[in-house]
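Read from first to last, the chains carry the letters A, B and C; within each, the first residue is number 1.
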Amino acid sequence: MPEAASARRPARAFAGAAAVAVALALLPILAGAMGDAWVRGLCFAALYVMLALGLNIVVGFAGLLDLGYIAFYAVGAYVYALLASPHLTEHFPALARAFPGGLHMPIWAVLPLGAGLAAAFGILLGAPVLKLRGDYLAIVTLGFGEIIRIFLNNLNAPLNFTNGPAGITLIEPVHIAGLDLSHSTTVLGLRVSSVLMYYYLLVALAVLAIVVCLRLQDSRLGRAWMAIREDEIAARTMGINVRNVKLLAFSLGASFGGIAGGMFAAFQGFVSPESFSLMESIIVLSMIVLGGLGHVPGVVLGAVMLAMLPEALRHTAVPVQQWLFGRVVIDAEVLRMLLYGLATVGIMLYRPRGLWPAPRHGVVAAVTPDRPAAAAGASHG
Amino acid sequence: MVEPLLRARGVNKRFGGLQALADVGIAIDRGQVYGLIGPNGAGKTTFFNVLTGLTVPDAGEFELDGRRYWPKEAHRVAQLGIARTFQNIRLFPEMTALENVMVGRHARCRANALDAVLRTPRARAEEAAIRIDSLKLMQDIGIDRYAQHQARTLPYGDQRRLEIARALATEPKLLALDEPAAGMNATEKDGLRALLQRIRATGVTILLIEHDVKLVMGLCDRVTVLDYGKVIAEGSPYDVQRDAAVVEAYLGTPHPQAQPRRALA
Amino acid sequence: MDTLLQQLLNGLVLGSLYALIALGYTMVYGVLNLINFAHGDVLMVGALAALSAIGYLHGAWPGLPGWSLLILGILAAIPVCVALSLLIERIAYRPLRHAPRLAPLITAIGVSILIQTFAMLVWGRNYLTFPQLLPEAPMHIGGATLTVTKAVVIVLAALIMAGLLWLVNRTRLGRAMRATAENPRVASLMGVSPDSVIAVTFAIGAALAAVAGVMIESTYSVAHFYMGFIPGLKAFTAAVLGGIGNIAGAMVGGIVLGLIESLGAGYIGDLTGGVFGSNYQDVFAFIVLCGVLILRPSGLLGERVADRA
């Protein structure tokens, strides 16, 4: 019971949180010493943390395997891209006339819009498929993710909505309190680079996501998700409207993706369908599986690990191989995929609860020989 | 005449070629302990599933506390006021015992996702109340020492009690128990009997599927007997025990050349 | 615009390929209740192995006729696919046979990634050309054209499917397979070793995938490490469409899906006034998938899955 625990030891919890905050604040400075690429890597890690937390709501909390999750990321990204870039005004004269100064919707307006649209897609996808059994649900959601990608790739004719494979460029950066995050600024005489500012913003959002997830977990809704995951039929008889609760999981998870997508578009400055392939969905899935399905700290760990390790590999694998073999045997991209595959298979076979699972409660009772060990089983019809 | 708490009439359910329930009816008065017995395969659990909305019947009329209902969705039936346990125990195994009972409070609470995320005063108050009420319920039933234990680690008899506690957490008008004494030894059955008497004393009506004749006779005010999906007897336990059709259903007809039966006790 | 007959023939070719691949999915699901997510990748490895074999053979014996190279390619692909499939079953699926339902699926996804990585390392990431082995000149049938390769696909698939139906319905092995598919525990009580039957099931599915893989690269003249994913997904759709676990269903589902896709791609331009073109072809399969699962989950011919109660 985290709430009771922190109530009992408020000083310790506060000190712990403060220590983490300081570490997070200093981390990019350290990383930046090795080059801006590392700070960029940290920014993407923050984005992946948000994605992993969102997928965790669907897969970890509610137990629904969604293999097309990246579609919601795409929705959020493209919503921001369309509303904060010259694309729409360039291709639709009517809009150009309506918005003579161009479309420059600010981030605080677009993010909720992206989140809302993603949530709507979540409900749209979820409603017809929720009654499907686990593996079918996985395949259908996979199909949905692919459909979104195909549409993004092809909705450039006859009307150019998405600009097809080339994607949308010249997306506006985030403006906060007059600060343009794409340009470095000076604070107290120190130069603060653009990447650094984005880092703090993304980490703040990631922390917010963590807090939201923890609160959801320890609530009536969180328990309902867990109940559904454990035994859907019993959950029904406890008054849980399984359908609506599952839809809620889908839409909440989707909204996380939508927000992350919007931030991604702003940060990167361009979006293309390539960034939203099935492989990305699988990467996010492998993150939560590696870290510990359903356990928020584990999910964060998994996301950070699988986001940063490929970066580390990229910087070490090539030179090491050059030094050892005189040439690159396995390039960084392949190494990255290898990592994800090994992580997924390895964890499922050897440590299925993940690297950092939720701590188990309870002592194991002795099984008396004349008593069958009770387990959740099907009731007779 | 006071209206029965639960009335069901003309319940029919067919599974492919099998008529699982044929024109089954039941009337349970408030505060009663009502027994549903019959040989294996008679349709008792099917009837439970129909009553609680897990299986949709082909036909039937259902009334709880004077209100007609059609048992299409289990969660609606739970909200109306029927809670149940399962023949094979369906706890939430990885959740703690306390969390299991807290889930039972779901139907009687209002806090939604937004309340949870924002930690509104209403949400916090409700959470605290859920926790306190659940613990108290577990104390009443005698399993509060397992509060933080994973449900699947509880001893068998206590798992059954936990399932009952969880069902009671929904504040039901009718508590439907599917073979709660299965697998219990004599001491545990005595404990169960005492527990059910205490529950009845709090005003909850109980519907019970049970095979243990002694338990049924000792506890139930009235009994309905099912065989092959049909009601073959209904009345007080004493009368039902002596009903020829009931004896035949359990023991079969005597062989034409058999000795005459001794009278039953 | 192609004629209706042309669309139908194209659909038949596509459908035959889907059917061959779908059989692998459906048989495995029938005995294990598991979507063998890596099946498409097994197909891909077989196809690439065949390409390598054909390249080698052609280099060593340039005089070999095209059709013999094709046959040898298939014969090279089959053991590769079978071995790979059995390896996957042994390493990734068998340990998880009693784990919760989603565990094998997640593992299968990981295995799929690993196989693709392996293929990337061995064959590189570029598209590889498959040589034209059979005569290029198309045959003309009532206004439509059909290349020799495509005709071979149809005929070969039909022969194989007939053979499989015979195997499943008329042989002892087939009986054992059907029994295990219905109830593995009871089948084992009758002396059927479920592990052996499962291995055979994987092997047969893999062999079919090998043939399908070689025929795919032969038809489209290209092969590469991602070539198994989309056909695999569509073949799974076909298996579900026909009724998962149902062998005849996989065959019917494959053909039907091929026809739907071909006709849909052919006429979508007309139907939507040019808004959606044949580049949306892949979407059809997904729409069919969603539609079947939502509206008629047991499929056209009814599903046959193991009794897990």
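Note that contacts are C-beta pairs under 8 Å (C-beta built on N, C-alpha and C of every residue); 3 or more make two chains touch, one makes a residue touch a chain.
Quantities reported herein were computed from a predicted structural model and do not represent experimental measurements.
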Can you tell me, using the touch rule above, whether these chains form a line, ring, star, complete graph or other shape? line
With chain centres defined as mean CA positions, report which chain is farthest from chain C. B
By Cα-centroid distance to the whole-protein Cα centroid, the innermost chain is A
Averaged over CA atoms, how far is the centre of chain A from the centre of chain B? Could you give it in whole Å? 43
Note: chain C sits from chain A at a C-alpha centroid distance in Å of 33
CA centroid of chain B to CA centroid of chain C, Å: 50
Of all the residues in chain A, which ones touch at least 2 other chains? 378
Going by residue number, chain B touches two or more other chains at none
Mind pulling up the chain A residues that touch chain C in the complex? 63, 65, 67, 128-129, 132-136, 138-140, 142-144, 146-147, 150-151, 154, 157-158, 278-279, 282, 285-286, 289, 330, 334, 337-338, 340-345, 348-349, 352, 378
Complex contact set, residues of chain A against chain B: 212, 215-216, 218-224, 226-227, 230-231, 233-242, 248, 252, 360-365, 371-381
Spell out the residues on chain C that touch chain A in their complex, using ranges where they run on. 34-35, 91-92, 95-96, 99, 101-103, 105-107, 109-114, 116-117, 120-121, 125, 229, 233, 236-237, 240, 274-275, 277, 279-280, 282-283, 285-287, 289-290, 293-294, 297, 309
Chain A touches which residues of chain B in the complex? 15, 20, 45-46, 49, 52-55, 73-75, 77-79, 83-84, 86-96, 99, 102-109, 111-113, 115-117, 119, 123, 126-127, 130, 146, 148-150, 152-156, 159, 166, 170, 178, 183
